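When the chains are written out, they are named A, B and C in that same order, and each has its own residue count from 1.
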Amino acid sequence: MERFVSLFVTGVAQGAVFAVVALGFLLIHKATGVINFAQGDLVTLGAYIAIWAATDLELPLLGAYAVAVAALAAVGVLIERFAYAPIRDRSIHVVVISTLGAALVIRAVIVLWRGTSPTRLRGPLGFEVVEVLGARIPKQNLLIIGVTAVCVAALWLLFHRTQFGRQVRALASDRMAAQMQGIRVARMSMLTFGLAGGLSALAGVLIAPTRAVTVDLGFGPMLYAFAASILGGMGSIGGVVVGALAIGLVQQLGGGYLSPDYAEVYPFVLMLLVIALRPQGVLGSEVRARL
Amino acid sequence: MTLRAAGIAVHFGALRAVDGVDLAVGPGEAVGMVGPNGSGKSTFLNAVTGVVAARGSLEVAGRRVPLGRPGAIRRAGLARTFQSPQTFRELTCIENVLLADRDRHATGLAGAWLGRRAMWRRERRRWARALAALDRVGLADRAEEPAGLLSYGQQRMLELARALVGEPAVLVADEPSAGLDDTETAELARLLGDLPARGVSLLVVDHKLDLVEQVADRVVVMQLGRVIADGPPAEVWRRDEVVEAYLGRRGAARG
Amino acid sequence: MGSLLALSLLAAACGDDDDGDDAAADESAAGGTTTTTAPDYELEEPLRIVAVISEPGGSDPNAVPDYVDGIEMAIAEINEAGGLGGHPIEFEAVETPAVGDEITNSLNLALEEDPDVLLGPVSSTAVLAMAERVDAAGVPMIHNTTEPKVAGDGEAGSPWIFGNRPPNDGAARIAARYAVEELGAEEIGQLYVNTAFGQSGNEAQDAEIEELGAEVAAERSFEFNATDLTEAVLAMEDVDVVLDWGTPATVGLAVNTLAQQGLADVPHIGPGSVGFSFFADIVGDESLLEGVLGVVDCNPADDDREGVEAWHDAFVEEYGYEPSYGAAQMYDAVHIVAAIVNEAQAADPETIRQGLESLDGHEGICAIYSNENNVLQHSSVVVRFEDGSLVTEKTYDDVG
């Protein structure tokens, strides 16, 4: 039982981080139709900026986190301006490769700035644990889950209860018609890239305290977030969150109860199964109405 | 003038689809545009709504607006419905309508997070207006359903509700009765006919001349990319060139 | 006839050199400031050493100064004692990144300096990128990596390339041996990263554990960028010792997770990266380091062999920080080359290569060096963290 609780909470916490990254994918995909492959490196950059703000600027931890989120929102906008806007009308492949280029640039900048040796970002709760049903649960994992829940709720409200959110969804539904309705397409894509950048930083500062920070920090979360987006049908907040949690849980419980050797593979097996059996995603339907 | 289009010209290679059309629609005026297939009506509408590149000049609600910029033209106050309805299928009906609300405040990110109380107040007002608009077109009970589930005729009504809630200065309706049955057409005529009284000028292009006659107090007849007649319906129908170009067939059909 | 004449001319030339060198050697010996006396000969050209190592302030922000400081310390000693063959050793350091395309540029710049021997690089990526050109250029290289592909029998091996770190597999075996023989472990848990480093280390440990009659009770591998090791650590619940052949990042993560799961008391033996200064920063809390062990190449801070303590203190005084094993190894590399040059009374690349090839029992600060399969060092030290510094637990001289 303890083992199950431990793995379950870990799976949910990992899934929560994947969800935050995947929501960034989703936002940009909805507003622009593009998959932003720089998302993982934005996660890494967010963690490094928080480290810089906490150590070099000596800001209190939450202040450092806020600096990271704000800085990454700005970086997101810069990526939109330089890697997306100039080639917006080109083929989707060109744009996706351009985001990959942005990813490489970010990675190179991190290596030049902070180097390749691992470093650490402190978490507000240190390494404290809390016992739940006999299992020792790191408080940071509970924090990750809590912050993600708030974040998902806020995004849901943003998507469904604000004009901004409706405009993003209208863009996803029919780009031309959205433009005819007076939606400012360029501004929307800037805003979504900025918001997705901020989400990446949030994922970065959430996950960094649980492990050492290296230039590869965001790579794994990005891959799993991508798989989560496919699982969720790349259409809705609910789908993406369910997909991300499924991936975190499959990874932990599969690793814990089937064979640990393939823990990293289970999520992708699940993704391939879903692609084969339900290409519209777990929660997708013919008309993806409920977002 | 609510809408003033001057010297609108659209050339597709050698074909002069619209060849220097001037058209003005005054406040509260309802203008019908008719003409045989290929006379340039739809191309003209596409030009003044910014969908095709065109030469000429455009004023909406007294302001110059650049041609070829659909978003800017819409924001200036010119709304359009389409021959085949352009609704956002994945969004609910009420969300479709909300998108067009005239209140563009607090729609951005900063507004959403910072001015929350004011935003929720505005948001509630938007919902009220959107529901009222849906009610007017008879879709209030389907407000929370995805637009993709509506019938063709209902989607057209939804588009109309969307156009209404935005309180445009002028509504350009492109073949609004296409695909509608007689009852639906009658309902549509009633809704369109109400618009001028609500301060929305109207430019309607439709094949159903009864509908045009019913809602418009002025008719513009186009042929070969040019305006050949412009005036009150009763007067226009009598003109020789109109009869020759277009109404002859109507007479024949009626006879 | 011609060759006879050449030989006699050569003999005459050497004789002249010998005469000329006497005075120089006497002079420097009379100076009395040195620990070694320059032998009695003169080189035509001074020995040229070029380092291909990243330095702080260069392209690699994590570069540590240890390597180049070790080299410079040794060269300064020798030059103060009169140099080699009547000349001071000439030294250039060419800034070399740890990864990326710039590595080959650095090598080209280094070769333009006309070196008799290359010291470095210190990363596997860099030495693999350089191997083919070094072989073609015919310049001996002493690199500071455990990369098995550039060992004598490795696919990128070359008679010109030598390494002065003990092999990874051997160090991994030492971890297992220490666990069984010194800690009395019977049930052993293994963690390792899914890279050549982790997998070969894990296989070597498996073999050693079986040989020693102990048992692998749990084994978990993970990606180099693993973000969570909860499952892997929970599997270690009932083991006597955890052997961890991960990256510094994953070893740090394992230390933290073991503590969170209440397993901080289980001895945890990591690889050499545990001895890096940044390792302590990765682990959340210094108290968690207590009980963490590592297999490092040597531990100059705690070594009772003759002269090591004096060297350590001199280094700290000169440079103001604790020398890592890398500093000691590069210091030793210079002295190995100097000894070869003195012995052969020549400083050309081929002479140095031959000297490295036949190296046998050179006493250095970090180890006693002998060549085997183009690997010069064969000892490792098991260290333990105590109050934030590394304490030597046991030295092994037969690492392979």
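By definition in this document, a residue touches a chain if its C-beta (ideal position, glycine included) is under 8 Å from a C-beta of that chain, and two chains touch if they have at least 3 such contacts.
Note that the structure is predicted; figures quoted are calculated from it, not measured.
Undergrad: Could you classify the connectivity of these chains, where an edge means two chains touch, as line, ring, star, complete or other?
TA: Basically the chains just string along in a line.
Undergrad: If I average the Cα coordinates per chain and compare with the overall Cα mean, which chain comes out closest?
TA: A
Undergrad: What whole-number Å value describes the gap between the mean CA coordinates of subunit B and subunit C?
TA: Distance between chain centres, rounded to whole Å: 79 Å.
Undergrad: Would you mind pulling out the distance in Å between where the CA atoms of subunit A average out and where those of subunit C do?
TA: 41
Undergrad: Give every residue of subunit B touching subunit A within the complex, in rising order.
TA: These residues of subunit B touch subunit A: 49, 51, 70-72, 74-75, 80, 86-92, 95, 98-101, 104, 106-109, 111-112, 119, 123, 126, 145-146, 148-149, 162.
Undergrad: Going by the contact rule set out above, which residues of subunit C touch subunit A in the complex?
TA: Interface residues on the subunit C side: 59-63, 98-99, 220-228, 230-232, 234-235, 247-250, 252-253, 256, 259-262, 276, 278, 281-285, 288.
Undergrad: Would you tell me which residues of subunit A are touching subunit B in their complex?
TA: Contact set of subunit A toward subunit B: 158, 160-167, 169-170, 172-174, 176-185, 191, 194-195, 235, 287-291.
Undergrad: Going by the contact rule at the top, pick out the subunit A residues touching subunit C in the complex.
TA: Going through subunit A, the ones touching subunit C are 3, 6-7, 10, 13-14, 17, 111-120, 122, 126-127, 129, 136, 138, 207, 210-214, 216-217, 219-221, 252, 255-256, 260-261, 263-264.
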